[in-house]
Amino acid sequence: MADTASLPLVRAQGLSKRYGDKRVLSKLSFSLQSGGFLLVTGPNGAGKSTLLRLCAGLEGPTAGELEVGVERDELGYLGHEPLLYRELTALENLELFAKLYRVPERRDRIHELLERFGMWGERDNRISTYSRGMIQRVALCRVLLHEPRLLILDEPYTALDAAGCELLDAVLAERRGNHTFLVSTHDPARIEHLASDRLAFAEGAAT
Amino acid sequence: MADTASLPLVRAQGLSKRYGDKRVLSKLSFSLQSGGFLLVTGPNGAGKSTLLRLCAGLEGPTAGELEVGVERDELGYLGHEPLLYRELTALENLELFAKLYRVPERRDRIHELLERFGMWGERDNRISTYSRGMIQRVALCRVLLHEPRLLILDEPYTALDAAGCELLDAVLAERRGNHTFLVSTHDPARIEHLASDRLAFAEGAAT
Amino acid sequence: MKKLLAPLDNAVGLAVLATVLIAVGTAMTFFYAPVDVDGLNQKIFYFHVPIALTAYATFGWGAWKALVHLWKKKPGADLESYVAIHQGTIFGALTLITGSIWAKLRWGHWWLWGEKELVLFLIIFLFYCTYFMLRYSIEAGPRRANISAVYALFGVILIPISFLAIRLATNYIHPVAFTKQGPQMAGSQFATFMVCLAAMWTLAGALYRLELLGKRLDLKIRELRELVL
Amino acid sequence: MSAAAGMSGRRGRGGLVGYLGDVATLAGKDLRIEWRARDTFPAMALFVLSTMTIFHFALPSGSSDRAAQGMLWVAILFTALLGLTRTYAPEREQGMFDGLLLSPVDRSAIWLAKVLATLVFLAAVEVVALLAFWLFFAHVGGAMIAAVVLADIGLCAVGALVAAMATASRSRELILPLLLLPLSVPVVVGAVGASVDTGTGKYLAFLALYDAIFSLIAWGTFEYVVAE
Amino acid sequence: MSAAAGMSGRRGRGGLVGYLGDVATLAGKDLRIEWRARDTFPAMALFVLSTMTIFHFALPSGSSDRAAQGMLWVAILFTALLGLTRTYAPEREQGMFDGLLLSPVDRSAIWLAKVLATLVFLAAVEVVALLAFWLFFAHVGGAMIAAVVLADIGLCAVGALVAAMATASRSRELILPLLLLPLSVPVVVGAVGASVDTGTGKYLAFLALYDAIFSLIAWGTFEYVVAE
């Protein structure tokens, strides 16, 4: 895998997605190099989340081609749902996923992440008792746990306070270049400087 | 009710809330005049949502007093959950609540609101098929439906796109002075100019 | 008079009284009451029936406290209701045990499924077991108190209604000692029975008071710790 | 106590007509959701049929009339249980209890609406069950139909309350049968009696009594179950 | 086809040992959630007892031994159903199916873990049920225990697959019994036969055959049920 960096890691060709009669994505084409950072913007209901779910393999396209050149264990996806078990504690959730993803030196890694996101003190409380921002922080830990090659983040800044946003800025900046990013947001000003590519949807449902 | 404006509409005295052994709010005191605008800020896990739920009467305090001087039908609460039936369409949801709240000229009112929030075209689709921002827009319609005297909004800007945020700015500005507001946010700069009072929590779980 | 009744409101006084009454009752059972046609095993009657009636009484008391909680919003009524039902469940278990022993002696089986009265009591017992499951799967707070109270009320209505239901179909072998014609037994038997009944009720009262004391102490300690921290 | 405890939503809301209007609105909402999203009716109907089949295999052939009736009633009871398990599913899964409790409707209207919505579905299922019973087992008389109707009312009235209790608890679906089964003993006894024994009248009267008493209590106490 | 369909998570994941490790991890998670959130075990035990008791009000007194066995089996079946209804509740309510499908575990490991977790609970409950049955009704022999074990395996294997199908469908819990009951008729027939009739051996062999066939099919097809 010497020339990975020059190959597109994600490549879409005439990608379309319909739900019933509703056309959500139509004939979308783009490609994202390994190490690139694609910023997805657009109004509410434009299809950002749909595109990200397609790229994560959670749904299939109606037409067109989509190639994503990573294995399942090299992919990190953060959607609108936190993807954490609410009846388990933060520690138990991360332990579970760390085992499934075969994360080496699991305990240290989890400690480091929770510490960084300011959730180490809360590690033994169940997710169901967390505030919205705290859940988002743990969800970010889960995504970063196995340092995936491709990071798909859907509005990752949601619910974070000022300190949390700065933290995430730093986390993204550190990984920029080594990892490949696909990020949607409503506040592009915040991460514009990181972006290598941009995909701007023009119209949404609510316009 | 001639001198309503000079009486506090919300008054808390030594308000405390615990969950089990966890102390979330302790000995909080404040009061909000009728027509006032209280901006609640603070880091993740500070207790903003908890305070707002207490004021809405969704939970009871552990200690202290909390007086909220409005009837149930004069209160509008927007929490982290949209409080909409996902299996029903936007129109059906709003019809349902308009009936329960005895909104006069229901149909016109609903049309006007949906139109304003850019959701009229989507009125006959189920909430479960909406994008996150579209759901937030309909949730805002639901809260404004009966023009409540007291509006309790928990991070109302969440998930809205730029146009949606501006729309909400305008909606809040219009009602400022006539209605009483209790709003939490992580982006105080956006609505600081509207606030008459401010409650800033200092520490959260994630600090 | 008030002074005379004071021990009844006091855990230690009740405990002493219960001990005395149980001793007297046991003595009367074996040395005063005549041996029935049933033989010696009939002696269990003086425990089985008072225990069963005590179980019903404590369930009733729990429902009464539940009503007080819902109606008067009296703080502490929830705890009293809970403790009463807890005692009721203990006495209910004892009823099942003493009844089963008697059944083994009299009918030759530990249990008769065909006997609707017995099965019904088992159901009621399970109903109150569920009370604890329900209570402990709700977070402590006013909501839990309310739900427990409503459940306790349902229980006390369920009991007579169920008995009415099975009495509609009349054929049971579980005996009825107290009929419209009054108690079907000799005076000495009745006297013994009444002493034993009083003994069980004071015992239940004593246990109720004791448990309540412990629970209240727990709460106090927790509140104090809260103030200190 | 909750801050909202003092807020009453009843002022100037149109008395009984308004109350019944709210009930109709809420019940309509439940029926619409059920109809649209859950295919409750065919599933419940097939469930009752499958249950009867299971009983057929589990019980000795050539059972008495009474055994067949008993079977029918157990099937009906479990179908009702299954339906009631889902009673508050939309509210619970979508956090809508908050939405309803915030709205100015009388809380008991929420209960009454649930009772009505559940009754509609249960009744529809029982048409199927009774038809099957009539075809395969025994004759279905007027007394039996009356017993079914009265039993349904009782089961739904108690069930809609108890399901709200279950919703508040961590065990949810699992605890509901435990709460409901003991409470349904009188219904089963009365209903089996009404359809088999002589003296149908007294059993039906008993069922009506049960319905009246428990509906009244449930109506009066629902408020305490859902709010602080 | 999904874009991720081609992504396999199996490469270099430790073969069989890794696979079984994943199964253990997932089953442990399920047991922990159940244990913590739902008090499943006491609830199921109480449920078995209540069910067995309530049948007595519906069925004639002095039923045959076979009827008693049938009753036990209906109680076990409904308890299993109730448990299986909740099998994927954590995944469904919390959108966790996505989380599991994204993770690099083999999909069939998810199924196997669910089967194991359900079996543990069902087995625990049945110890209670059989004890109660032994105390109150009749002797419990070795053949009966073997029948219970074999029947459990079959019910859980089919149930964990069918529950996943039901989760993917809209009506969820309700459709589960609908799908499971017809599939469980052979289990009930075999189990009742093994515990009552002479010729126990052939019934047990039949149950083992059922388990083998359905487990294999479920194991092989689960992947298609959960992913596009």
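A, B, C, D and E label the chains in the order they appear, each numbered from 1.
Definition applied: a contact is a pair of C-beta atoms (placed from the backbone, for glycine too) under 8 Å apart; a residue touches a chain by one contact, two chains touch by 3 or more.
It should be emphasised that the depicted structure is a prediction, and the values quoted were computed from it without experimental measurement.
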If every step must land on a chain the current one touches, say how few steps get you from subunit A to subunit C.
2
Touching subunit B and subunit C alike: which chains?
D
Between subunit A and subunit E, how many steps is the shortest route if every step has to go to a touching chain?
1
Would you mind working out whether subunit D and subunit E touch using mostly the same residue numbers, over half shared, or mostly different ones?
same
Between C-E and C-D, name the chain pair that shares the greater number of C-beta pairs in contact.
C-D
Computed over C-alpha atoms, the centroid farthest from that of subunit B is that of chain C
Please report how many Å separate the Cα centroid of subunit B from that of subunit E, as a whole number.
45
Cα centre of subunit D to Cα centre of subunit E, whole Å, reads 27
Find the geometric centre of each of subunit B and subunit D from their Cα atoms only, then give the gap between the two centres in Å, rounded to an integer.
36
Can you list every residue of subunit C that touches 2 or more other chains, as numbers and ranges?
116, 123, 126, 130, 133, 137, 141-142
Among all residues of subunit B, those touching at least two other chains are 60
Residue numbers in subunit E touching 2 or more other chains?
37, 39, 43, 46, 50, 54, 57, 93
Of subunit B, residues touching subunit A in the complex:
19, 22, 42-46, 49, 80, 117-119, 121-122, 125, 129-134, 136-137, 155, 158-165, 186, 204-207
Can you list the subunit D residues touching subunit E in their complex?
37-40, 43-44, 46-47, 50-51, 53-55, 57-60, 63-64, 66-67, 70-71, 73-74, 77-78, 82, 85-86, 93, 170-175, 177-178, 181-182, 184-185, 188-189, 192
So, in the complex, the side of subunit E touching subunit A is made of residues 1-5, 7-9, 11, 13-14, 18, 21-22, 25-26, 29, 32-33, 36-37, 90, 93-96, 98-99, 101-105, 228
Residues of subunit C touching subunit E in the complex:
110-111, 113-114, 116, 119, 122-123, 126, 129-130, 133, 136-137
Which positions of subunit A touch subunit E when the two form their complex?
54-61, 66-68, 70-73, 75, 77, 79, 81, 83-88, 92, 96-97, 99-102
